[in-house]
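Can you keep this structure in mind? I'll have questions shortly.
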Amino acid sequence: MEKLIKHKLKKAGLPPGTLVHIGEKKCKEVQITLFDYDEINFEEKEIKNVDECYPFKNKPTVTWINVEGLHQIDILEKLGNFFGIHPLAQEDILNTEQRPKSEDFIDNIYIVFKMLSYDNSSHEIIPEQVSLILGSNFLISFQEGIEGDIFDSIRDRIRGNKGRIRKSGADYLAYRLLDAVVDNYFVILEKLGNKIELLEEELINEVKSTTLKEIHNLKKEMIFLRKSVWPLREVVNNLQKEDSPLIKDSTKIFLRDVYDHTIQVMDTIESYRDMIAGMLEIYLTNITNRTNTVMKVLTIFATIFMPPTFIVGIYGMNFKYMPELDWKWGYPIIMLLMLLIAFSMLWYFKKKKWI
Amino acid sequence: MEKLIKHKLKKAGLPPGTLVHIGEKKCKEVQITLFDYDEINFEEKEIKNVDECYPFKNKPTVTWINVEGLHQIDILEKLGNFFGIHPLAQEDILNTEQRPKSEDFIDNIYIVFKMLSYDNSSHEIIPEQVSLILGSNFLISFQEGIEGDIFDSIRDRIRGNKGRIRKSGADYLAYRLLDAVVDNYFVILEKLGNKIELLEEELINEVKSTTLKEIHNLKKEMIFLRKSVWPLREVVNNLQKEDSPLIKDSTKIFLRDVYDHTIQVMDTIESYRDMIAGMLEIYLTNITNRTNTVMKVLTIFATIFMPPTFIVGIYGMNFKYMPELDWKWGYPIIMLLMLLIAFSMLWYFKKKKWI
Amino acid sequence: MEKLIKHKLKKAGLPPGTLVHIGEKKCKEVQITLFDYDEINFEEKEIKNVDECYPFKNKPTVTWINVEGLHQIDILEKLGNFFGIHPLAQEDILNTEQRPKSEDFIDNIYIVFKMLSYDNSSHEIIPEQVSLILGSNFLISFQEGIEGDIFDSIRDRIRGNKGRIRKSGADYLAYRLLDAVVDNYFVILEKLGNKIELLEEELINEVKSTTLKEIHNLKKEMIFLRKSVWPLREVVNNLQKEDSPLIKDSTKIFLRDVYDHTIQVMDTIESYRDMIAGMLEIYLTNITNRTNTVMKVLTIFATIFMPPTFIVGIYGMNFKYMPELDWKWGYPIIMLLMLLIAFSMLWYFKKKKWI
Amino acid sequence: MEKLIKHKLKKAGLPPGTLVHIGEKKCKEVQITLFDYDEINFEEKEIKNVDECYPFKNKPTVTWINVEGLHQIDILEKLGNFFGIHPLAQEDILNTEQRPKSEDFIDNIYIVFKMLSYDNSSHEIIPEQVSLILGSNFLISFQEGIEGDIFDSIRDRIRGNKGRIRKSGADYLAYRLLDAVVDNYFVILEKLGNKIELLEEELINEVKSTTLKEIHNLKKEMIFLRKSVWPLREVVNNLQKEDSPLIKDSTKIFLRDVYDHTIQVMDTIESYRDMIAGMLEIYLTNITNRTNTVMKVLTIFATIFMPPTFIVGIYGMNFKYMPELDWKWGYPIIMLLMLLIAFSMLWYFKKKKWI
Amino acid sequence: MEKLIKHKLKKAGLPPGTLVHIGEKKCKEVQITLFDYDEINFEEKEIKNVDECYPFKNKPTVTWINVEGLHQIDILEKLGNFFGIHPLAQEDILNTEQRPKSEDFIDNIYIVFKMLSYDNSSHEIIPEQVSLILGSNFLISFQEGIEGDIFDSIRDRIRGNKGRIRKSGADYLAYRLLDAVVDNYFVILEKLGNKIELLEEELINEVKSTTLKEIHNLKKEMIFLRKSVWPLREVVNNLQKEDSPLIKDSTKIFLRDVYDHTIQVMDTIESYRDMIAGMLEIYLTNITNRTNTVMKVLTIFATIFMPPTFIVGIYGMNFKYMPELDWKWGYPIIMLLMLLIAFSMLWYFKKKKWI
């Protein structure tokens, strides 16, 4: 969580618009891929030099430039200056601690949000920031460059000219990227849902010493998730109500669908939070319950053995004149008396429902 | 709860508008029934082939097509294409994890919400998704096809031409379906109310080991119920304020009535949540209370028996020179002394209101 | 609480507008009284047959028809049809589980709210539903018919022609009824305030075994009260802002006053809720505190008596060679040693502020 | 707290506009003082008879009539009728349980709020209701008449013609009174802040038996304070946005300043509430902590002394054939063994960080 | 926290517009520095006498007057009167307990907010109030004058004519100051984040006696931080939407960026609050857990040693007729019996997972 703050420091004191890459370097080399398509034509290109993108700016076809890796600032600068990305947007693209938001710069719309992936080995949610620059006939997307990509299915559909995508503009492409990211949230939520289910079973069957820590971690993941998704809701809502010619009305109906999905994600997060809060209550109540049981065992033992122990003590005294000691049946009578006491105690606890 | 998420996975990665049935197959075969009526005429038909519905589209009479079972995608596709159901709506109909919502597609209005039924054997709430497509003179309803139907009374009224229904349009029919579903929520709430009442009595009289788990489950059911009803409130409100010619003003006054009922449902859910939270508090306080009682019993026993046990220990020592041992009245005096100590302890605890 | 739900069942499945009396029959016979007045004339009548009311509909004087008891549905139907009460309003009048609301039916305004009375024997709050139909020159009020009426003082003022009431219209009369009901909430709140005060004293002085249950009940009463008053606030606000000729501007200033009072009632309820929550905290803390005290007593006793008991055990051993046993001062030295140990323990606990 | 409700009872049942003094009589005699001033002239008068005020109504100078004590209803009635105070306002002036509010009666504005003072002997907050009637060139203020007045400094400034006050109208005077009252809230808050600081120190250093009760009382005072200040915020906001010629624009800028102060008061109250909630948590945690310590002491003692006590018991048995008893080194060996056991227990607890 | 209130007292009773310095004197002497610049010219001056500033008022260049130290009231008065600072603004500048706000006085805009610094030795957050007066071509800033300044980097950029600052107006300069302050909040948050991380580790590894107090302090710091940042959010939002010619549209896009940052700060504070609340829960659960462990140890010991101790007591009795005492194998049999009991107890606890 602290990471969200730490990297901001690199910049504190610098003027706005200064390009500094904030965040960890998540891949070796910056990779740029270019898709250019309309309903009929399609071109896919691995870009080595930023200049190769320039001719596509004024072509009427849709151009999607995908940049993976943010640590080479000059690439962003060149692209930014050529495609007219506002200095503040350039700065925000590099700052991977950005809060999801959208900003209308008239010539283009800047959208930034978090893509989440779940690391199956460390059981952690790994965020990756995605920035989109939506122009009239181009879309530039910036990713931090973590391996494994949820955009591959979209690429396949473009290549194969399946569905509506090749017939639609850059705004529809932007919607598809957003939709893929939001759909992926459900995958993350399912993983967390499974964790909650497992922990709930643990709570009821056998509590491990790690249970409390796991509940606490789950709670923190929820805080983190909420922080990522909550502003995204606003972003999608703004886009859908945006009064910009860059987003067509036919696309807005799809954005409304994404909006409904983000609300569903939020609803599920809230439900999970409620359930985790409930688990903590159960956990605390369980401990209190067990302390109660332990106390009962102790009390039952102590109250059953204390009186007889006292009685045997009496007849261990060395007084000269203790008539009982000389009785023939003294020993068995005392033994019976003690048994009687023990059983009446047991009966008492039975009645009180302690055993 | 996790189920709400799991099925979404089947679709993550697919483009929007792809028809995939998400959810369990809840009935064997898809059943389609058609009602066609106006104030004078009435026709009821079991549909085997979707084509049989086509002629009714342009008839001025009201047509209600009810589809039970969602797993035969081709049926939805044919109906959808003929009656002009938007691809996104078609997709949502099949996704049974949909959040309640309404969407105005100009030609028709798409409404989706949850019908709840209470399984008396498993004591669980079973959700069933209902989708409505409201056109100018037709209403198509899609259900998952669980047995037992709360719409039967409405069918009877159409057949018998009772009340206002045959004199009104498709919008009034949609209202009647919504109203039946919301009225049914009160039945569910009553079941839960009974559960709460039973648990409250249990809490006061005798706590079972399952009490905590039951409170926890009740709490989760409330979370689930709230998630279903809360958006419905919005849906009804939107319909009532809808500026569409598909919903007549005379129907809106009835929708306002449904709206009031959903608010009443929400109010009751909130009250129940408050009461369940209170029960958990009572439960925890009860345990703490009982631990206190157990502790008191232990302490009373220990403090009454420890001093005498010590005293008898003294006179069990083997010192050569212990004058008391030779006294004639030593034994009875010591016994009286110990009794005195025990009674003063009892008197002390009496004063402290421990016993 | 469950009652709010149960009666709704009688109706689930019936079409809207079907008149069914939902709720308990709270009085033997339906009583109808009629007041007809203007500044000069006054007439009071016990109505046996509904027809007797009809001539008053078109008289310019103000007519107040008060119906006590709702179980004779035909009375409502006749009145309703003659005075133009909307079917939905008629239905709501009979459903005594209605949420407070107001509805403008153009010809008349329907207002429904809860009158509360406090049963001094069972210490329970008893709700009674009051429905008003406000026409241009008449007011019809429906009550469930519980004995004892807070409207009597208003009747006296009409009879005695005191104050403004005979000079004003039906809307002012409606305001007076509302005002009487809201004023009566303060009486209920005072009773609850006294209960809270008593419980707080109990909490500090001596906790009874019923305290927890009483706090819990108080909490539930607050939940119930809040549910009744919260929507009333909205009702009064709507009336005051109503754009209907049925409510004169001169009356609205009075309605604003009632509105202020409902807010004051809400504020007080919220304060009470906060105070009850605080009492539960105090209660729990008190128990924990007392467990702590009990533990201290036990620990002090145990630590004082354990070491001496061990020591006397030592000299109770039967070893052949134990030199101390033969010493002349062995016995008193050991006794002093044990006293020393006991006093040093006491000093230690004194220092630790345990005693 | 209950007092807020009790006095309301005196009136329940009476018609609106009936003048009844609700509240305690807080001073012996009603005192009326009159200030009349403009930039040049100034007159101060002790009024014995209400009639003496009448000539000032139509003078162009600013007239401030201050009435202390509310129990002589005829004075209010005369003043009210002459200066055009609305019957509802007259009623509210007498009801000292009024919620702070402002009401625009066109000819004048009625403002009511709470002045708070802190009784240093009983450590309680004492509320006093202040009502203002702001006319075009006069201001009538009603107080309950508790001794000690925070308005004296304003009187001095009028007498001495200091600052802006003699140059401004009645609305500025009203603002000054409001400002004095809000400024005084900071004095109350400081007292409560000191209390919180003291209690926090107590919590950390040595908990007294009264600590819990004091925290509870502080919490109740916060509930009370909040109830007084929260509506005042609204009052000042309304005045500042009021579209009445009675409040000049030049005064509104000052009212905005008062508004900022009331928000600051609210913020501080909220912070205090948070801090008190935190204190209760600390208190509860502290007790639990101490119980833990007590338990540890008991357990350490018990586990150290139980095994040796058992061992000495063994050699206290009277079996004929117990070889150890005849060994020469039996006694010291057993003593050493028991020491060993005790020390290994101590070492174990050391390792577990219990001691 | 109380300090926020205390200083207000100095003023209670004084009329508005009276200049009184509220707050501690944080520096020795008041220092005034003047920057005057446009794209070409630049002048920096240490001001000894306020008059030296006067000529800059009407120069078309941007003039930044920075006043450090507020205790010389005459300086503020002279500056205020010459540059047209409203009396209320003058008063607010001196009151260092001001809530962040902005006020449009048409000729200039008054902005007040908190600059925070973190004292590394006392580990406390130290607030410093900054007031800005933004005119058409000048900006006057007032600071309390704590050493170490986050504005130095801005001064360097003006001197070095780097970036956009020399090309822009006074409104851009104001933005830069605000931006520097908000950026600095991230530094504070990082320090707090580190504290939280450390405490979390402490909670899991080894709880110190100070942990609870530190969590409590952290919570209080969060309350304080929130109180400073929350209103700032509103301030930036107001400036950005301000309809004043003093703030150019080109600057507003930058203000929107600052606004996003303040929201991010708020989000992080809320997350931290959630995490601290979670830590308190963990802490309480941990103690309860440990009490449970302590109880188990005690119970295990007690239940293992109580029965054997009782048995050895039996054979320590002095009855004449106890046949077992004379058996040859009596002693070893009894010893074995006791071992058996002890092991069966251990096995029982093993099964119950207590050990």
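We call the chains A, B, C, D and E, going by the order they appear; numbering starts again at 1 in every chain.
Convention: a residue touches a chain if its C-beta (ideal position, glycine included) is under 8 Å from a C-beta of that chain, and two chains touch if they have at least 3 such contacts.
Because the structure is predicted, anything quoted here is derived from the model rather than measured.
Engineer: Looking at subunit B with subunit C, do both copies bring the same residues to the contact (over half shared) or different ones?
Structural biologist: different
Engineer: Between 0 and 180 degrees and rounded to the nearest 5, what angle rotates subunit B's CA atoms onto those of subunit E?
Structural biologist: C-alpha superposition angle, subunit B on subunit E: 145 degrees.
Engineer: Return the distance between the CA-based centres of subunit D and subunit E, expressed in whole Å.
Structural biologist: Once rounded, the distance between the two centres reads 26 Å.
Engineer: Between subunit C and subunit E, what distance separates the C-alpha centroids? Give it in angstrom.
Structural biologist: 42
Engineer: Among the residues of subunit C, which ones contact at least 2 other chains?
Structural biologist: If we look for residues of subunit C contacting two or more partner chains, we find 284, 288, 291, 295, 298, 302, 309, 313, 316-318, 322.
Engineer: If every chain is a node and each touching pair gets an edge, what shape is that graph: line, ring, star, complete or other?
Structural biologist: Topology of the interface graph: a ring, with each chain touching two neighbours.
Engineer: Using the touch definition up top, name the residues of subunit E that touch subunit A in the complex.
Structural biologist: Within the complex, subunit E touches subunit A at residues 150, 153, 157, 162-165, 176, 179-180, 183-184, 186-187, 189-190, 193-194, 196-197, 204, 253-254, 256-257, 260, 263-264, 267-268, 271, 274-275, 278, 281-282, 284-286, 288-289, 291-292, 295-296, 298-299, 302-303, 306-307, 309-310, 313-314, 316-322, 353-354.
Engineer: What part of subunit E is in contact with subunit D in the complex they form?
Structural biologist: 1-2, 4-6, 8-9, 11-18, 86, 88, 99, 101, 103, 206, 212-213, 216, 219-220, 223-224, 227, 280, 283-284, 287-288, 290-291, 294-295, 297-298, 301-302, 305, 308-309, 312-313, 315-318, 322, 324-328, 330-331, 334-335
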